[in-house]
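Both of the next two complexes hold subunit A, though its partner changes from subunit B to subunit C.
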Partner chain A sequence: MKIEIVSEKTDAGYLLKLKGDVDMSSSPEVRSALGEAFRQGKGARALFVDLSQVRYMDSSGIATLVEAMQTCMKQGARLRLIDLSPAVRDVFEMARLSSVFDIFASVSDAAKGL
Partner chain B sequence: MIVIEDLRKNYGDRKVLDGVSFAMERRKITHILGTSGGGKSTLLKVMIGALKPDAGRIRYGDMEITNLQGRQLDPYRKKIGMLFQHGALINSLTVAENVGLPIREHTGLDDNIVKIMVKMKLEMVGLRDFEELYPAQLSGGMQKRVALARALALDPELVYFDEPTSGLDPIVASVITKLIADLNRLLGITCIVVTHAVEEAMRIADKIVILYRGKVLAQGTPGEIRESSDPLVQQFITGNPDGPISFRASSKDYREDLLIG
Partner chain C sequence: MREEARVTKEGKELQEETVSLAVPSHPKYLYVVRSAVYPVLSSAGFSRSETRKMVLAVDEACSNIIKHAYAGDTTKTIWLTLTLGGDRLRIELRDSGKKVDAGKIAPRDLKDIRPGGLGTHFMNSVFDSVQYDTSGGEGTLLTLTKKRS
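== the complex of A and B ==
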């Protein structure tokens, strides 16, 4: 399996931890997990996505996160990304999306101010 | 690493590729320069699998691509993108449809995801506001940028550029050159650029290969090429019309051709 996804409920909202590569073959699985987190965590203030163990993310992975952000905005929640690796950060930079997402060093940092 | 070994291709009696060998590193920018008729376009066609050489080999990593045909080339083609000299956009499709076409053809991604990806690709080339226009409504430079966005649609490891700046004004040409450098620097995309544009190559290439009459005339870093003592190389990089490279491509003697035929 290219991607492992662990979902946890926290006080501030759902936390999805991704491990592996998010590419065109695995991003639909991430999309399903995000959809499930939205259903389960309806009314939560935030959705956290921990990317610390993602070594590679292609543009379909980023598009999946953009779509998650669209959903969060509709639901009045925040999408917060945790700990991007340099390789993933470069892809965000090239897509000029670093400033679009809220990116934090840790889950505890991300939960502040919610 | 992309390794080309002793490639040979004849058109009739003309040796277009006459024992071409060199290697290109992954995640680097290689410019292949040469005179018109020097073998650049033929080499490019062979590298993308569109033309079979008469002899020789091409390897991409551990993939031998020389003799692959039809669908056997799919694993290789999924890893590469190609920016054609004239863009090759489909005129009946909008900019967004052109860019999204390879994603829709090769993946089963949801349409909303494809739309977001298309926006991202167009943002990379600075044309996000042009999604709904048709190619004919764009300038030549813009069409080339859309074509680049389409070449990037499937996140290729390697992009081939065929004369990416030809026919563009100097500012637009610089924009394309900067885009190539950024794609390489930020995304680690291997860029192989076939071009006449010496200065562009000198500015961003990690390696330059000069083809002349179907052979590798010189190869090295821009600094090494600039310092070359070979008069052919010097004439090529300075564009001097007087020198060992003749502008006459005909090999037959003129008098003989006129009088005897």
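== the complex of A and C ==
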């Protein structure tokens, strides 16, 4: 199962849209796309990751997002997650991560207050 | 898929259904595992959310086998057997790699926010029992069981 990653620049930072399964097989690709977004968006206020089309996420996907959050903190930016799919909500709930990440319903909501 | 009848002490017949699967130890086949396991669990009467969580736990178990038992060797095999019988689901995962040291396996503290180490926590939180058996000739047999509601 392939992962599709679309990256676009917004006024407040970079937006990554993920579609498909984020697992041990595809996490390296997501990690690489996040790394590229960090390079391209250096100095941006936030990195947005849209998870509405993620059909499945495992602990390697969680690890990738935790690493992204740590990189954002080092760069003085915010990692903002958008519209978690039910599968992502399940894994966040199991890992008790819902309060660790900043989660928003839409990109426009996430861009407020930046 | 195999069906077989067992008879309990009370003379009640229990129908057991077994689904077996063997996949290469390559991360790209985790999708195949999920695709095979999901419909079996879903048709066994588990809710959609329970099914998703169990599929996640089985996926994590396979990932752990690839990472730890086979140390990333993608040419090995993972054997899965799902057995539905009576009021219980049993999932067995077998590998021929390095035997796990069950005494060293512990879920990490969830307050410690860091990448990795969640797979064991997922397995323990979803299944009623998680057992590692290293008494066989090679590899480890991991057995996950859950009561059907």
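Going forward, the second predicted complex is superposed on the first by the 113 of 114 C-alpha atoms of A that agree within 3 Å, B and C clash if a C-alpha of one lies under 4 Å from a C-alpha of the other, contacts with A are read in each partner's own complex, and residues count from 1 in each chain.
The rule is simple: a contact is a pair of C-beta atoms (placed from the backbone, for glycine too) under 8 Å apart; a residue touches a chain by one contact, two chains touch by 3 or more.
Just so it is clear, the model here is predicted, and its values are computed rather than measured.
Superposition model on subunit A: subunit B and subunit C are shown in a clashing arrangement.
Of the two partner chains placed by superposition, subunit B and subunit C are both touched by A:Val91. By the touch criterion defined above, A:Val100 reaches subunit C but does not reach subunit B. Of the two partner chains placed by the overlay, only subunit C lies in contact with A:Asp21; subunit B stays clear of it. Legend: residue contacts after superposition of the two complexes on their common chain; A:Arg31 is shown touching subunit B, with no touch to subunit C.
Within the three-chain superposition, the subunit B stretch that clashes with subunit C turns out to be 19-27, the only such case among 19-27, 37-45, 235-243 or 253-261. On subunit A, the patch touched by subunit B and the patch touched by subunit C overlap at residues 23-24, 58-60, 62-64, 66-67, 90-91, 94-97. Subunit B contributes residues 103, 107-110, 112-114, 116-117, 120-121, 123-124, 154-155, 182-183, 186-188 to its touches with subunit A in the complex.
Interface of subunit C with subunit A (complex): residues 26-28, 30-31, 34, 49, 52-53, 56, 59-60, 63, 66-67, 110, 113-119, 121-122, 125-126.
Residue ranges on subunit A touching subunit C, taken from their complex, read 1, 21, 23-25, 56, 58-60, 62-64, 66-67, 86-87, 90-91, 94-97, 100.
Looking at the complex, you find that subunit A touches subunit B at residues 23-24, 27-28, 31, 58-60, 62-64, 66-67, 90-91, 93-97.
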